[in-house]
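There are two complexes below, and they share chain A, which is joined by chain B in the first and by chain C in the second.
And then the complex of A and B:
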């Protein structure tokens, strides 16, 4: 009898935790939608209403037409795509090498890769700024691609190492029998098997590059070359802030990663759990 | 054959020299042999594959780090430790160090606790097949898709002291006009909470993955022995995931030193330095007061702190690697 009641309480407890967590996670996103898609008078009224009363696209259209938000998002896209490509080019061969060849040099390399992941970007921002300025890369999106690639390199390499290690060696051994060279083993045999892992790495890298703010805020001063993070944050005024415009531009900027998240969630979850399951 | 002949021919001229030349020649031939073996067996392959990563780490990581350390001790071409002596007497620096410690502590404890409780609720919910728990858990990684900047701005709007929804809802509980980000007592807590909101789903996912690795058979055996759920949790689940939890705590500590964007956008380190961590202070010194040398000195001190924590982490990492992985 008491056991049964206990189970009941536990069930309620679990629901309570899950429900509370889901609210805590989703409410800010809901609030962003609510502020964006209401007529201005209602969106910023006090006391605020917790529910939609009427729908309006006015602010979204205003932000899209009157500001450079589309341009900034396009810049973000260029940078994120660049980081994904650079990151894969660098991390795939290195991960294969570390996974396959247990030589001393690779042990050291793995150690260094893990170290880069621990250094706060705030330590790197000043020297990188001066180095990029000295080679004329300031105000150039390429500086962001290079700087962000180093940030995302460790997680990509880490996930890929796990993946390459899981490929059975028998496949490669069979290819050696057929006279394949070592480069061919990598290029023809192992590489095609890792495409799914590369998708995971590409998504995580894309998210990180899309999210990066400090470098973009520092290296790019030309307003037409701003990326989304810097542009959206610039809506926040020193004294007066049009909160509805801030929320509308935030929402527009979040659409792409949210879509990726909704449709490719399993890759993200797998990347996170596999990165740790190693 | 011909290689060994050469030194013999030269003996005629000078004996001492020949011996040296002989050693030299055999060394060269050794190297040559090594090199041909290196090429024939394709021993260069791992090095070739590593070329790009080594190049990028050297150019974009090692070089900037050295550059940063040097610019903290060189001003106008002269060696000077002025930046460091200033550091020792700068009350703002020690305050920033203290804020960093507080931030790291509260952030780590908070995110581990919330991540763990959520993971536990999802795990139990899925195991008992409670309706709805699957849908709820699929929401969990959602903040990961929201950029830091957007998350900060939304919370900034919600925490607005006059028009924000949070203060409005709290007013029903009789709590009025909390200054979330502009009062020295609350600002640090607010900044930590938003940081946790943004990333705790990652912790939940990791801890969930850890739960899943505990062998079912252990629980079945415990069931047969009549162990209660609570006992099973304390004697089976916790010991099984202790290793990964330690690892995760260390990793969270290391990662929390990296947080910048959310603090910067919410408070810029204010009010009155209340949320100024070392990362924020570096940025302010470098790009607001344009004192890059001093900023570099702070950066070096942060580097030393992170380095010390990382050594712990690496040590642990090596130990668990030797034991055959974390999970």
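And then the complex of A and C:
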């Protein structure tokens, strides 16, 4: 009996923690919606209200029409898409090679890849800025694509290595018997089997690039080339912050990743769990 | 179709010798089974024939062609893997057609071959399914189908039945044997299951520790094993072995185990002379224990008294477990209704069918 009661208490404890975690995660989103969809007078009132008193789309329309938020989101999309493409073009063959062709320096190579994840991105800001400036890429979205790719490549490669290693070598051997060349083994056999993992890596990479702020703020000064994160932050001034504009632009900026997550979340869960389940 | 021969074939993995100086000759249309325990080198040998492993030494011939440096696809062979190794992202049809497409055969020819193989294997309704939608037995058929469509000189099977349940294994065994007869193909089949080897093979190659122990027709190996390993590996339940000493009394050689003395038959009297007063290993198959001596003039029966420890009824026959000397033994008996666990019974050994092995070399004393 006491065992059953213990299990019961433990369940209550777990749900209690989960409830507060959910509140901590959902409340900022709720606050964003609340601030965005209220008339400015209510949104800026003090003390603030925790609940909707009236509904207004004024600020959303104002931000959409009077600012470059759509342009910034488009820039973010271009950068994120570019990072996904660069990342997959490099991480897929890299992961396949590491998983399939066991060479002595593999362990060292993987360690080095992992070590790059431990370097704080801030340390690389100045060197990267110097490099991009020297090749004429400053104030160019390509610099962001390249810089963000550096940040996301290791994790993408690691996830894909796990996937490639999970493909039984016998399948490739069967293809060898069928007459497949080494390149065919890669693109006709192993690659199609890793599509789910590639989708996972693409989504995670897309999110990383979409949310990146520091490089975007440093490398791009031209306002028309800003990405979403920098654009949203621009509503926060040194002396005055238009919080409703911050929230409205944040909401608009969040719609695309939210949709992606809702529709493709099974790939994210599967990719992360299978890629690291070794 | 073609014969397969390995001459002095060896395979090393770093410092481990997986196969050591293997010489085998598989005739055209043979159903050759490489059998042995795990790690004996049988799969390595098969993979070397397939071209998936390079020989460290020796020569591999398929037909008259030395294939050591020939790519797997050019060896004119097909292989069925233990895990079937079907392409998960392709339909059954595409799985079977993949190799033919790479060969750039005309579409109609590919379709004809796939349909023909599907008909033989009774998998026509499955052609548009993906492998994950198939049962283990169906996957196995598709794997065989993928091999058949290539019309190879030699089929290689790597433990293809080991992932199937016992009942399906028995039916697939018969199907593969039928397929062999129908295609008239040379088959090299690897298994650790001696029953599969005995029931399917026209020629068995028994391997252990990377070396060939004996080869021949299944019944030849069963009746005349060349050493203790083969004697123990072929046959189920395995042959009973007991250590003892050979003595001579009244001019006749006797095998002494504990208090029991068993008179050796005439056929062994000469060959065992040199082993007098020496330790030898005595082997009896479970079916050569009898409740009463058979009335056959040419056989002589030696009697032993044993205590029944376990009776395993299997229906028509039973396995009776007992201890002789210090060795655990199994006898295969037709009727055991009269005995129960703990009974002391007399058993008669058909001495004409027993085996003696040199204790040092483990070789059969002929």
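Methods note: the second predicted complex is superposed on the first by the 256 of 278 C-alpha atoms of A that agree within 3 Å, B and C clash if a C-alpha of one lies under 4 Å from a C-alpha of the other, contacts with A are read in each partner's own complex, and residues count from 1 in each chain.
Note that a residue touches a chain if its C-beta (ideal position, glycine included) is under 8 Å from a C-beta of that chain, and two chains touch if they have at least 3 such contacts.
Remember, predicted model here, so these are calculated numbers, not experimental data.
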- Message: For the combined arrangement obtained by superposing on chain A, do chain B and chain C clash, or do they fit?
- Response: fit
- chain A: partner with more touched residues, chain B or chain C: B
- Message: Looking at A:141, would you say it contacts chain B, chain C, both, or neither? Reply first, second, both or neither.
- Response: neither
- Task: In the overlay, answer first, second, both or neither for which of chain B and chain C A:248 touches.
- Result: neither
- Message: Taking the superposition on A as described, I'd like to know which of chain B and chain C A:130 touches: first, second, both or neither.
- Response: first
- Looking at the overlay, what does A:193 touch: chain B (first), chain C (second), both, or neither? second
- Query: With the two structures laid over each other on chain A, which partner does A:83 touch: chain B (first), chain C (second), both, or neither?
  - Reply: neither
- Query: Counting only touches as set out at the top, which of chain B and chain C does A:115 meet: first, second, both, neither?
  - Reply: first
- Message: According to the stated criteria, A:22 is in contact with first (chain B), second (chain C), both, or neither; which is it?
- Response: first
- Min C-alpha distance, chain B to chain C, superposed, in Å, is 9
- Set intersection of chain A contacts, chain C complex versus chain B complex: none
- Residues on chain C engaged by chain A in the complex (per definition of touch): 50-52, 72-73, 77-79, 81-83, 85-89, 98-99, 102-103, 146, 150
- Message: For a test of understanding, state which residues of chain A touch chain B in their complex under the given definition.
- Response: 10-11, 14-15, 17-19, 21-22, 24-26, 28-29, 31-32, 35, 44, 46-48, 50, 89-91, 93-94, 96-97, 100-101, 103, 105-106, 109, 111-116, 118-131, 146-147, 149-150, 153, 157, 181-183, 186, 207, 210-211, 213-214, 218, 228-229, 232-233, 235-236, 243, 246-247, 250-251, 253-254, 257-258, 260-261, 265, 268-269, 272-273, 276-278
- Message: Using the touch definition from the top, list the residues of chain B that touch chain A in their complex.
- Response: 42, 45-50, 52-54, 56-57, 60-61, 63-65, 67-68, 71, 114, 117-118, 121-122, 124-125, 128, 130, 132-133, 136-158, 160, 162-163, 165, 168, 197, 201-202, 205-206, 208-210, 213, 244, 254, 257-258, 260-261, 264-265, 278-280, 282-283, 286-287, 292, 295-296, 299, 302-303, 306, 309-310, 313-314, 317, 325-327
- Task: Going by the contact rule at the top, pick out the chain A residues touching chain C in the complex.
- Result: 168, 170-171, 173-180, 184, 189, 192-193
